[in-house]
Each structure stands twice: as structure tokens, then as C-alpha cells.
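Look at the two complexes coming up: chain A is in both, with chain B in one and chain C in the other.
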Partner chain A sequence: MFATRPNLTRDLIIAAAALIVLLLLPYVWPSRMINDLVIRVSAFALFATSLNLLVGYTGMVSFGHGMFFGFGAYAFGLSMQRLGVSIPTAILITIVSSALLGLVVGAISIRLKDIYFSFITLAFQMLLYSTVIAWVPLTGGDQGLMGGIPRPPFLGIDLSIESHRYAFAVTLVVIGLLAMRQIVESPFGYTLRMIRDNTERATFLGINVFRAKLTAFVIAGVFGALGGMVMALFVSGAYPEFVNWTMSGEGIFMIMLGGLSTFIGPAAGAVILSLLNDVITRGTEHHGLVLGAVILLFALGLRKGVTDFIADWFRVRREASSRSGG
Partner chain B sequence: MLEVKGLHKSFGGVAAISDVTIDFPSGSLTAIIGPNGAGKSTFFNLISGGLVPDSGSVTFNGNSLIGRSRAQIIDAGIGRAFQVARIFPTLTVEESLLGAVTAHRRRAQNISHRFPLPEMRDRMLEVADMLGLTEKLGVTSANLSHGDQKLLDIALALVLDPKVLLLDEPTAGMGPDERWRMIERVHELWEREKLTLIFIEHDMDIVFKIAPKISVLCYGRLLAEGTPDQIRTNPAVIEAYLGTEHGEAAV
Partner chain C sequence: MTRNRADLDRRTVLKGAAAGAAATIFAPNIVAAQSKVVRIGMPTILSGRVAQLGTSSRNAIQMEVEKINAAGGLAGRQIEMVIRDSKGQPQEAARVARELVNSDGCEILLDAEASSGSFAVQEVAKDLGVLVMHTNSETSSLTADPKIRIPLAFRSCRQGIHDAVVSGAYAAEIAKAKKINRWGTCSPDYAYGRDNTQLFVEYLKHFYPQAEVTTEAWPKLFQPDYTEVITRVLQSKPQALYSALWGGDLTSWVDQANIYALFSQMEVFAINMADYTVLTAVKNLPKGIHSATRYIKTYPNTKANAAWGDEYRARFKEYPTNWSWENWVGIHFIAEGAKKANSADGKKIAEAMRGLKIDCPFGADGTVTMRAEDQTVINYAIGWGATISGEPYVPEVTGANWDTILQLEAEWKKRNNYT
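This part shows the complex of A and B:
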């Protein structure tokens, strides 16, 4: 009778297995290209999954989530370049500062509903983008943070070595996804689903909707910033594209491609979009045209993301077998 | 006791509720009737914090409810269900009820545990049992029958341990048999839980059968109050609402 919900032990086992597979991958299949792809996908998986905390779980369609990705990249890069701190300290600075950004932007944006919320988050992102472009002495303007991000060793980890960087990125993405999984499967995660399903009713249950949405916005911002940080580590720099609105668009695409009704959907979308980008860019100059056609195919053909499709297929089968089984 | 005094609310100059005074003694069962647009739902919204009145007072056991947040009004013990069931379509019955218990026990922001917290289960099962939803716990709310959705809506209010329960047309949109089953369940609930129950209803057979006390609203005003017999024979009520053959003209 009771629906089974995923428990922590099961999630920990899956996470551990995924981590082992990812860590072994370079030994089984040594390829610079695969390593680079996995690191980039790690950054985007954190970003897209964090965006889905808002879009899929809370029903808040942010068009400005890229601001956190870009902010994370710049906050981390600037901490390393200007403050000369250790990497753990820079990570801490990135987390705290992106949480503050989320708190301020969220406190203003959440008061608006639906499309107006989407627009104001987009506006905040444009504001941040313009600031990055205009504040040349700090950010390098449209050149981005040049000169490389110093990566001093810490705790025996040297991120200037490719294999360390790879292990660091995959460990961070697995821990990050596990943490977000815990959040969406916690009582708070169900509070967010109730708000998504029926905000008005949630208030009549005594739920403080503003507080819950703001908490979700801040959490999503922090994980989005961590994604940007992984990217900054990978490219050893931070560029205005990271903070541009197209970044938010890519996040939405990833969610659409991978599916928003499953936890892993956006991460799957990150893999799909990164692969598509690589393959298409190699094959044609008309990159946007082909990508657009593929996304249209998903939107019109499947009408849902890949993992939504698979999850539905399994559910229909399960229901059919439980019916025939009595 | 829930006391409403001189309540007034207008929208753009049109009075939806005007100078309404009604007492609801603890443990009473009251039906609110009246033609469409009489202000019945507005009246509920004013009591439950959905709307703020322009003037007048609503007090529960001596404490004013005016200007309080919805959460505070719930804490004071006022619960409500809605005319069109307001549920959480993608959640199962079990998840919805557990979510409501969680919110009520102030654990809605908890992220350190898995949902549901084990101590929420008993209350969820208790309320599901009260409304006959035990067999439906695993069903996604959107897939419930209309009647079960209404029951779930009431269950969501009951989870919050209300002392006063407001039901806005619990039988709306139901067939005749289903109506009677619903109203019997509501009546049973009232008796067993010692609730102060106030319900809006259009079916006069139901109202005259189960409500010891009836309040009639018309154009935002309290037209009459009394027992079924008093209301049935009240000339003003017959003219405004019931028609000459009482109990038939009801929409």
C-alpha cells in the first residue's frame, strides 16, 4: 500500500558506485577528451540539477540561474587570484558569497509570481553580466579573468595535475548531487512539492511559503555556484559567457532534454547537451540550427525529457503487471 | 466559541458581506445557506484569513483573529476545506497528509532527515481512517475520484487539529448517493471529534436533516437564523431563497 521512497542507504550505495566507476574510468579508457568531457559535465550537472530544485521541485522557473554559475566562477577565480587564499578557503568564500547573492536576489524576486519571477531573475542576471563587462579592473571585462587561476596544492591534492582535477570534479559532483538528493527527499523537499502543486493550499496548512522558496533559492544558488567553480578550475579562468543569459538557457535545455520529473534527469540532460555540443560542433558550422532541431524533436516528439520518458515507461509496465497480478 | 460581530467587506464599493453577526458556540453544527453570490464563501474567507475584513470582529475564545496570518489562524484552531477541492495533484494521499502533519508540527524546513519523519505516521493514518481514505493512501491525488478528492481536502484540514472546521460545500458536484455518504461522514466526524462545524450547503434536504442551526445569508446580509423549522417557515427566507415549496427551489 505505501509507496516506497528512496532511502538514504540506497542513495549512498548508488553514489559510491557511481564515484568508483567515474574514478576508474580514466584507467579503463584513458582519453584526454573523455576526461575533459566528464569534468565539463560535472560542472553542468551541478548547475542543471540545482536549477531543477527550483523548476522541477518548487515550480519556480528561473531564467537567471546562470548568474550563480558565473558568479561562482568569478568568486572562486578572484579569491584565488586576488586574495591568494588556499583552495578550501576559496571554496568557502564561493559558497558564502553565492548564498548571500541568493538571499538578496531571492528576497526580491520571490515576491513576484510566475512569469514575473522568471523575468526579474533574468534582469538580475543581465545586471550581473553588465557589471562583469563594465568592471574591467576587477573582472577583466569581456576578456574575462586572464592569467590563469593559481591552483596551489592542498591536503595532498594538486589541481594543476589533470588526474587530480578530474578526481576532484567527479568527487564534488557526486557529493553535490547526493546532498541535493537528500534535500529533495527530506521533509523540506516535500514542502517544496506541495508549494509547486498548490501554493495557496500550502499556506492554508500553515507553511511559510516565502521562507521555503527563499531557502530553495539560496540552496540552488550555492550549488549552481559550485558548478561554476568546477568550470573555473577546469578552464583556469572565468569568462563573461558563464554569467550571460545563454547560460541560463542551457540550464533550461538540459532540464528539458534530461527530464524534470526525475532527480537524475537534469544531470542526464547535462551529458546529452555536452555530447551534442561536441559532436555537432565538430560536424557542422550550423551548430545552433542542428541543436535547435534536436531540442524541437524532444519537445514535440517525446513531449518530455529522456528520463521522464523512461520513468513513465517503467511506471506503466509496473501498473500493468500489478493489475494483471491482481 | 467563535464570535463574528458586525463583519463587513466590500469589493470595489459592492458590499459582499455587510454587518454580519453570528455566534458559533463550541461543539455546534451550523449550516450556512443562501443564493449564489450571497457572500457565503467570502464569509469563510474572512474567518479563515483568506481575506481581511473592512470592519467588524472575529474572535475565537476571546482572541481576535483579525489581522492574523493564516498560520496563526490555523494555530488558533480554525481549519477549512474548499468548495473545489484544493489538493496536491502529483502527491499521493499518503504524501499529502504526511506533508500536512509535517507542516503542522513545524518540521516543514527540515532537511536533515528523510521524508516522512517516522513520528508523523500515526496521525496520518488516524486522519485517513476518519475519512475512509486508508485504502487510497498510495493513490496519486489527481487520480482520485471527485468525492475522494473532497475527502482528502477535508482530511488536510483535519490533520491540523482544528477546533473549528469550515466546510465550503462538502457535497458540491456529487451525485445524490455520494452526497448522503459524504454528509453522513461529516456528521459522524462532528460527533466524534467534538468539532465546531460550519458548512455551506445548497441541498436543502441535507441542511434540514442534519443541521440543528441554520444561518441564511442574502446579498451579504444575515437574513435569518434559527432551527430548521424556524427557517422553513420564515417568510423572508421563503421569498428570498427557498421559494414557496420549501426545499425545492434550492439550486
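This part shows the complex of A and C:
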């Protein structure tokens, strides 16, 4: 899968550079608030980018992706609280169980198209949400997983220490984004784009569309769950809100704000939405109104995400320079 | 040319916006620990369905902090409250609480969250090592369970187990007198509703073993239409009905049950009825609904309590709520703790608060105590009475016996391996 491809070296360099910058950030700019923001954005960036694998690359608009975010948070939290396993084991359990969830939900959902697909994913999410609310002995119901998630040290990493938690989150997000980048740039990624653009053509070319879509759904689910896991580590708990439909909505907003035509768009959207949320809730109780207005502006006024504009700007400039050069 | 100009303009605007945003977020809040002011961070719910309770918490805190500051603040340092909305979401409560400490320089947290948020804030306090006063979370395990309890966390409100004992004892008295053996329950279907109802039934049977639950109805939280549950209860004809519905749900339920004349067919015990938010919102308040006191200015029937209720009403044009008095208790414990420790340092205040007894308009005997062993408040006023249709709404309240509460609470803790 990791065969050499053009731009792989470039992506690796960018990832390494991003990782170094993020790891050095607390030393250059020591602020717990920035650390917190980066950790939360890491969680959302994994979540939004994984959703974009479906929305942007495969053309499957899932309204239920928050189910994986919440599932990841609960799977990780419960493994740590109930099973008392080590953190790497809990991560493994989270990955495997969310892949299984993706397999089951995906196998049923992707038989449906367009709005029907969107709604059945939403239905599955609400099913999980209701289960979390109702299964009080296991999940704590509406109160969430109480009493904190234990964070025993492993391999010299102690996630109860803030700096370790920070380094862990940024490393995970960089590796996660790099892996997803590798996936969308691989032949499989181009298959997904072809399915998005013309499903019939893909079928005629001998592609098993169902299997390709299902694979994408499972991969997206796993990365979405990893995002939820980072969030669970940050708040040291898991709450029903993570599984609620509003979480899926936020994922869609992030993609809209950041832009779905670039790979990094949803991650940028995660940054923007988190910043907007933090700034607006500081200033007013009517945050819903302000946030809604901003999103409306993007959806109706700009009709593109921020990174789409940047990408356009680069393209125009490149074309202009090639024209003047030629 | 025009296009370039447009680009330039948009860039300028974007840059300006970015710079503005950056300035707002990253502006350094220079707050030295030793400055004159001591900041207390207060995450609470100021938007959404329970915003009224969050607002009433904020109101009470504003009113009391002014008084405490006028009397010298915390060991000579004036209190400055930083109050933020958590939208009722635990992860937002955690984020806001962290931000209040890390970026706004708050040295103490006053956690005015509902229960799920309070557990999230507890984790933040544990992580950052700051003093936290939970003012609204009534979930007993927050302070009762040693696995959850932390040395710097206190609770200044009622809790579920106390409520259950008092309710069971009161309901049993009436059951004995009127020979009420067949009981029904109708409570919201989520953790609070289930826990509360199960504990009530347990203590009802403890005091009156003949009691038997023949009907259970579990409407959804925030359900708009209760016709189905009301008719089901009516058909099964229990002699009495217990309900843990609250807020707008309880109001709707009472209004709808009125149509079916439910209140004339059985004794109704609605634990969350006697709070002004509900009492004043019901269209025709039926006579004789039994309720525990949440906040009511006539109980305890003292001048101090009535004066406080009136003062609050004069200022905010509405009566205080259950959460209002609980926040009063929280902030005054911190103030008295600081006075005793002669310091505004969170750890010293915590030390001083353990076992502290303070004068309080909402105390059963004019005082409340911060029990040392689990850092939760006891001896607050609590009782049950029956409603009338207008003020004072619950004219006669039977006060609880705190010796019974404490004894049964101790047994409950033992049963749950909390000791």
C-alpha cells in the first residue's frame, strides 16, 4: 500500500516539519491554553478529515459520522476503566472495535444512495446515542463515564502529564493525517474519486464499488474513532454529546468552513470552528446565533471553504506566471 | 485591474479579521497570583433548556459576591467572577473550566454545572490542582464515592441520597395514615429519573413495608406530550403516584394531567414541584400535590430566608431557584473558609472549610456544615408539604430529621462500599 508515489517525499517532509513545529510550540510559546486548543483541534482534525474521506473523496455524505467519534471515546474510556488494560491495548481495542462497527453499519448503509445513505447513517448514530443514554450501568447514561479515565504510563509516556499528552496528540494527528493522505493519493484513493464522479464507469471498469465504499467507510470510521479517543484523553471522560447528531453536524461544518477540495481543508476547518467557538462563547451567550451567521456566510456568501480560496489563489497565480513566462 | 483590487481588499479584510481574532484569543491575561484581585471561574449553563437555572445561579453569585467584597473579599482580596456558558455540554464545561484557570488566571472554580458537567469539571480540578466548589450537582457519588472524590473538591448543594431518605419518610407517614399501599411512579427516563425513583421506592418501603409499586411509567426526557403515560397511570388506578419530573417537563405534565383530573383520583408526590420556576409556570396549580422544598422563601420560615428571597426578587424581577441558594452556600463557604484561613489560597481555604459550620438562611437550624469526611454540605433545610394554588404555594412544610438522614446515609454508603 505504501508504494512510492510522486509527492510522497514532499508529504513526508511536510508532515515531519509540521510535527517538529507542533512539538516545539510549547517551548516557543508556553501557554496551557494553546496546548489545550491544539489537543482539541487534533481530535477534531482527525474526525473532520476522516469524514471528508467519505464526503469529499467518495461522495458519500454521512450524517452519522459522530457515531464513530463518540464510539471511539467510549471504547477507549471503557477499556481503560473496566478492563484495566494498558493504553496501547486500549488503542488497539478502539481501532478494532470501531472497524467492526464501521463494517456492520457500512455494510447496511452503503447499499443506499444519496439522501437515503445520509439518513440511515444518522439513524444508526441515534441508535447508538439512545443505547448510550439507556445503558446506564455500562455508560453512566446521560452523566457519561464518571470518575476519570486512568492513564497509566507506557513506554516512558505518561499521559497524565500535560506535556506528554500534548506530544501524544500532535504525533497521533500528524501520523493520522499522513496515513489518510497516503490513502487518498494511492490508487485506491483515485478509485474512490472515480466512484464519486461516475459510479457506472467505475463498475464498468471492473471495480467492486461496494467493497471500495465499504473499505472507505471502515477506514473513515477508525480515524473518526481515534479522534474521539484523543478527546476522551483530553477531558478524561466520555459523554453522550460525543455520540449525538450535533457532533456529526460539527464535522460537516468543519469541512464546509475549511473546504472539501483540498486534503488539509477539514483540518483547517477544525481549527477555524474551534477558534470561533472559543472566541464567541467568551463574548456572548448567543453563540448559536453568531456561529450560525458565520456558517451561513460561508455557505451562502462564499460557497467555498477557506483552503479552497487559497488553492484557487495559488492556481491563478501559477497560471498567470506560466502565461507571462511563456 | 478591478479583479486585483477586489483580491487586495479581501486579503486586507481577511488579514484584519485574522489579526483581530488572534488579538482577542491570545491577548495575554496578565494576572499575577499575588495581585489584589482573586478571580473565581464559574462555568454554568446560560443557554439552552436549563438556561434559567444557570442564570439564577449567576444572579445569586453576583448578589453575594458584592456583599462579600464589601466586607473585605477573600482575606483582603476582592473577588472577581469570570462566568462562562458551557451550553450544558460536559466537554464544553471541561474546556471552559480549563480556560478559566489556564488563561483567565482564575484561582478557584465555582462549578455551577448540572451533574454530567460537574464530573467533567472535577477531572479538570484534579488535573490542574485547583479548589473547586460544586454548587449544583446533586449526584451523590460525586462526593460519596472515594474513587471519584478529590481533596480539593467540595459540594454545596443537596444530594440525591438525602432527598430520597426525606421523601421516603414523608411519603410513608402519609401512606400509614391513609392506608396507601398501591403506588405508581412516573419519572423521566434517564439516569437522574431512574436513580431518584429507585431510591425513593427503596426508602418508602423501608419506612412503610406494605407499600408496593404496581405501575411504572417512564416518559422520555423533554417529552412534549404525556397523554399516553397519564392515561396508563389512570387505568392502573394506583392510590398514590411518585414523580421525579422537573422543570418544563413537570409543568407540561401537571397541565396535561389536570385535564384528566388525575390529581383528584390519587395522592401525588412530585419531588421537584416546590420551586418557583414550576409553581409559577403551571396554569392551574392543583391543591394538595406533595412536594419537597427546592427553593421557597417560606421554608425555612425565617426572616433571613424571606428577606433574601425578596431581595433577589426585587433585583432580578423573579424568585430565586433551587440552584440560587446552592450557589449562595458555595460562595459563602469559600468566603468563610478564607476568613478562617486568613488567606485566599485555594489549598488553605480547602483545609479551613473541612468541617466548617456557617450561618445560613437555608440551614435547617440557621446553619449548614461542610462535613469533613466527604466534603459535602449537610444540615440544609429540606422538607415536604402540600401545594395550594397561590402564594405562599406550600404553606405548611414538614421539616426533615437530619439524624435519620445521616444514619440511613451511612448505611447506604456501607452498602455501596463507599466507606
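By our rule, the second predicted complex is superposed on the first by the 316 of 326 C-alpha atoms of A that agree within 3 Å, B and C clash if a C-alpha of one lies under 4 Å from a C-alpha of the other, contacts with A are read in each partner's own complex, and residues count from 1 in each chain.
The working rule: a residue touches a chain if its C-beta (ideal position, glycine included) is under 8 Å from a C-beta of that chain, and two chains touch if they have at least 3 such contacts.
Note that the structure is predicted; figures quoted are calculated from it, not measured.
Within the superposed three-chain model, A:Arg282 lies in touch with chain C and out of touch with chain B [touch as defined at top]. In the overlay built on the shared chain, the residue A:Arg318 is in contact with neither chain B nor chain C. Residue contacts after overlaying the shared chain place A:Asp36 against chain C, while chain B stays out of touching range. Shared-chain residue A:Gln143: touches chain C; no touch with chain B. Applying the stated contact rule after C-alpha superposition, one finds that A:Lys113 touches neither chain B nor chain C. Shared-chain residue A:Arg10: touches no atom of chain B or chain C.
In the superposed model, A:Arg82 lies in contact with neither chain B nor chain C. Legend: residue contacts after superposition of the two complexes on their common chain; A:Glu241 is shown touching chain C, with no touch to chain B. On chain C, the positions that touch chain A within their shared complex are 7, 21, 24-26, 46-47, 51, 84-85, 87, 89-92, 94-96, 98-99, 102-103, 115-116, 119-120, 122-123, 126-127, 139, 141, 145, 147-148, 189-192, 194, 221. Across the complex, chain C is touched by residues 31-34, 36, 40, 133-134, 136, 140-144, 146-148, 160, 162, 231, 234-237, 239-242, 275, 278-279, 281-282, 285-288, 313 of chain A.
In the complex of the two chains, the chain A residues touching chain B come out as 1-3, 5, 7-8, 182-183, 185-191, 193-194, 196-198, 200-208, 211-212, 215. Against chain A, in their complex, chain B makes its touches with residues 48, 50, 70-71, 74-75, 80, 82, 86-92, 94-96, 98-100, 102-104, 107-117, 135, 137-138, 156-157, 159-160.
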